[in-house]
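So, here come the structures, one by one.
First chain A sits with chain B, and in the next complex the same chain sits with chain C.
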Partner chain A sequence: MGLDVRAFLALTSAGFRRWSTYRQATAAAVFTNSVFGFLKTYVLLAVALGAGGAAVGYDGPMLVSFVWLGQGLIGVVMLWGWTDLADRVRTGDVVADLLRPVNPLWTYLAADLGRAGYATLTRFLIPVAVGLVYFDFFLPTRPASYALFTVSVALAVLVSFTFRYLVNLTAFWLLDVRGVMLLAQLMMGALSGLYLPIRFLPDWCENVLWYLTPFPSMLQAPLDIYVEYGGIGTQLAIVSGQLAWVVVGFTACGWLQRRAAWKLVIQGG
Partner chain B sequence: MADASRGADIPAGADSGGVLSAYTRLLVAQIRSQTQYRLSFLADVVSTCLMSLLDIVAVLVLFRVTPALGGFSGRQVLVMAAMALLAFSLSDLLVGNVERLRFYIRTGLFDVVLLRPLSALGQLLVIDFAPRRTGRVVQALVILAVALFLVDIDWSVARVAILVVTPLAGSLIFASIFVAGATVAFWWVESGELANAFTYGGRDFTTYPVSVYSGWFRRLFAYGLGFAFVAYYPALFLLDVPDPLGAPIWLGWGTPVVALLAMTVAACVWRTGVRHYRSTGS
Partner chain C sequence: MAIIEAEELRKEFVVWRKVGRLRRQRQVVSAVDGVSLRVEQGETLGYLGPNGAGKSTTLKMFTGVLAPSSGRLRVCGLEPVSRRVQLTRQIGVVFGQRSQLWWDLPLRDSFALLRHVFRIPQAEHAARLAQCRELLGLDEFLDTPVRQLSLGQRMRGELTAALLHGPRVLFLDEPTIGLDVVSKQAVRAFLTQLRDQGEVTVVLTTHDLADIERLCRRLVIIDHGRVVHDGSLEALHARYGSRRRVVVDLDAPWEQVPGLSGAVVEAVEAEGHRVTFSLAEGVTAGHVITQLAGYAALRDISIVEPDIEEVIARLYAASDDARSVASG
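Then we have the complex of A and B:
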């Protein structure tokens, strides 16, 4: 099941171009993400104010950049709304994917990276610019933080992709994945640090999330790295944790996909 | 097409029960189709229930970190959040489906809706009726009861009246936003999640005291869209707490008036939208 670099890049650029045609949807998403950015910023700034300037180590500017980078990253890591594979399972088109001499896991990954690239230029940059204009935005003091943030975002995309792929694979058994999808989106939103920094939670809860679930690796990780929560040691630990979840994620996808192919029921029509 | 949109005026059958039974059949068909895939339906029910709990959990988590938010205590904010949740759940149950309008327009299914001799809006609300949303209303009622139990309220006839009227009127404000927001799809088919900024955004906005926000953002959401009247002003009246922003306490009675205004605007927007409708041809 080989997939050479040229084919991979071609699929990536196809993914980029496919998403760049959804202009209206992108504009609507940027607008909505920005409105929620304002909402969250005001609430979290009020929390910091009420807590006497800083909430669990996040001061005002840190919270501002946490919110706006998070709103920008929603589209990049794509926390919700990806049902490409599940739709093809339901319609039976997935047979064509499985007949090709390349592992669909890699073809879908290539397309997803193209999508993430397009989202970075639009859905990430515009809300971040809005946040920079309207609020007092934290800028990292160590140059290494920018590099680590970039690496961490890339890893977050991979972790999120494997999780979404796993959820989509359940379509082989369930066919109708709307419920599971909703549950998955709920978990990705609530436990990834999107709604609130997960460090606001009790310690035990926070630890369970960091060590036993992939969710913080999808969003909280790059955000904490950017706002320099803790020293460089903490930042490196966060990135290593993400790497571990990438390995776990792809292993699980490969395993479940083999099981799914065995189980395949071709839908008529 | 504009003529077909006024289909409600055309008699639907020999007897007046015809319209009602057509709606009932659409409703029953929808409930049956939703329960076909059991595991998926179960996951759906669980996640919708969790979703509304989440707003409340968020408030509790924030108050772990801070003792006050916008000048209010945790228990006071909980009352506002619960009132907002009840209003939102009610409107989501009644008209939440209207956000599927863009799907109907894109696929051309809206042509079918317009051809039937029933009101277009009425059909949209019934076709995708989601019974699982009833659970959220019950849940919101329980949460509101608990929140009210946790604060000291000097109960009077006026306070009981405001407690009953507010969630109903508040849900009409949300419903107007839902309908007006969905109408954008008539002009802008791929409007995607644009309306979410005001519907779900409105839900989040009303969860917290208005004093938390500032600038043009507060003016737009609190007064422009009327969200300050969904929970904030009525809650101040219930709790007998002066507004840190200086608004008079009697504004707590304003919710029905604002709801009426919002509904009028939404109805106008909807009519203009339907008249503007051109089939995508697919």
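Then we have the complex of A and C:
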């Protein structure tokens, strides 16, 4: 059921090309994310000003970077709207996935990494450039922060992928995943640090989110690493936490996919 | 050598029926009810049946995506469900209403991806693709994204995709459904060539009886999950008394021919100027026409082959009657 490296890369490349065919959608998303970037920046800068220049450890430039990198990462980690697998379950096309000698989890992952690559070049870089041009942007002081940020973004994509894949797998039981998807998107938006840094929340709530849910690992984690929230120890702890959620995510996907395949094969579609 | 062996294959589904406001009753429905089949390497088998007869369920069991409730099944020597991954390399599957191609990418890219997914050696892949390109006329739309292909073009793409890894068995579930005449002909011509090469075993389900007439020497008819006929088309006609017919147009109204042998009058139309004769088994049309020409002036003659749709409709009706007698 394994996928060799060349097949994986070919599928990743196909994922990249597939998403690059939707240029107008990309342009619309970049525009929308940039407009909301301005709104969020002014709101958070006002919050920092009201708090005497820094809010919960984030000063103005840190908040600017937090907002614009976050706006850029929405598309890369894909916080919203991925129903490819659920759609194939609903239409029955998923049978074709079972008739290939590879585990669908890896083929969908390869395609998703290609999608994330395309989003990095378009939906990430353009809003970040806008933020750099219009605002006082925080630049990390430690070179290691750039490397850790890159690793953290890659892990965020994996955590987000496993969560989205799990939500999609529910289609084997529910057929229509719109309700679950809506709930998932709400959680991914509100609890990942997209609307506001989750460190703004009460300590107990922040701890619950960091330790018991994968959501901060999808967005807050790379953003905190970039703005150097805490020392190198904190950064490494954040990456380790993400790594743990990647392991949990793939284990859960493998388990639920086996259950889903069993249901399909034994009980029929 | 048998490439598909099925013995007493059954598939039962549990359905819950509403019997009150809150109560539901568990009911077991047999979709496939004791199918036994043996398909030899290189055969082309037509698998036919009315809607809901169990055709697609059987095909899903053959391909390993559905587990039988009971019975024994081997495809390419493998037990399909437990060895599904190994089996995928030996079978090709086309479900007429499903797609195995990458929707947003050009057709060419889907073929390239399948080479990686199935780990097909480059030379083999290129040779098979070249053959399909020529026989199915793929070149004009190879660079078109799959989502922009017409149904006929997509089906030609699906057939190619199913064959690129060199399968021993090709399962086709209604491959000509919804296709225009030209696309149907292209698909049938391709499958005829595949059949004549004799390397790939083809199992074909269809409602289009012309597919069966053109492609399949062996016909398995299933109804209510059971095999009601397994044999050639000719055997089916013989079993259900299908007769060839001779239709003659006469100058003068029809009068009974004394001593006419080998045929009986089936219908007299057009005020006696058109008569349809049904031929007895083994009697040639020439024998009957010679007799008729001796008695009456013939204006026109046509010979009508037995109608497969008619005989299959009779078969389904007979199967329904048998069931109602058994249950009554």
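By our rule, the second predicted complex is superposed on the first by the 264 of 269 C-alpha atoms of A that agree within 3 Å, B and C clash if a C-alpha of one lies under 4 Å from a C-alpha of the other, contacts with A are read in each partner's own complex, and residues count from 1 in each chain.
Simple rule for what comes next: a contact is a pair of C-beta atoms (placed from the backbone, for glycine too) under 8 Å apart; a residue touches a chain by one contact, two chains touch by 3 or more.
Being a predicted model, the structure only gives us computed values, none of them experimental.
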{"item": "First (chain B), second (chain C), both or neither touched by A:V208", "value": "neither"}
{"item": "Which of chain B and chain C A:V247 touches, first, second, both or neither", "value": "neither"}
{"item": "When both partners are placed on the shared chain, which of chain B and chain C touches more of chain A", "value": "B"}
{"item": "Partner chain(s) touched by A:V102 [first = chain B, second = chain C, both, neither]", "value": "second"}
{"item": "Contacts of A:V177 with chain B and chain C, given as first, second, both or neither", "value": "first"}
{"item": "Touched partner set for A:A129, first chain B, second chain C, both or neither", "value": "neither"}
{"item": "Contacts of A:A237 with chain B and chain C, given as first, second, both or neither", "value": "neither"}
{"item": "Chain B and chain C footprints on chain A, overlapping residues", "value": "22"}
{"item": "Sites on chain C touched by chain A in the complex", "value": "11, 13-14, 31, 57, 60, 63-67, 81, 84-86, 88-89, 91, 93, 95, 97-100, 102, 104-105, 109, 112-113, 116-119, 145"}
{"item": "Residues on chain A engaged by chain C in the complex (per definition of touch)", "value": "1, 3-4, 6-7, 10-11, 14, 17-18, 21-22, 91-93, 95-96, 98-102, 107, 264-268"}
{"item": "Contacting residues of chain A [partner chain B, same complex]", "value": "22-25, 28-29, 31-32, 35-36, 38-39, 42-43, 46-51, 55-56, 174-180, 182-183, 185-186, 190, 195-196, 200-202"}
{"item": "In the complex with chain A, residue positions of chain B that touch it", "value": "36-37, 39-48, 50-51, 54, 58, 61-62, 64-70, 188-194, 196-198, 201, 204-205, 208, 212-214, 217-218"}
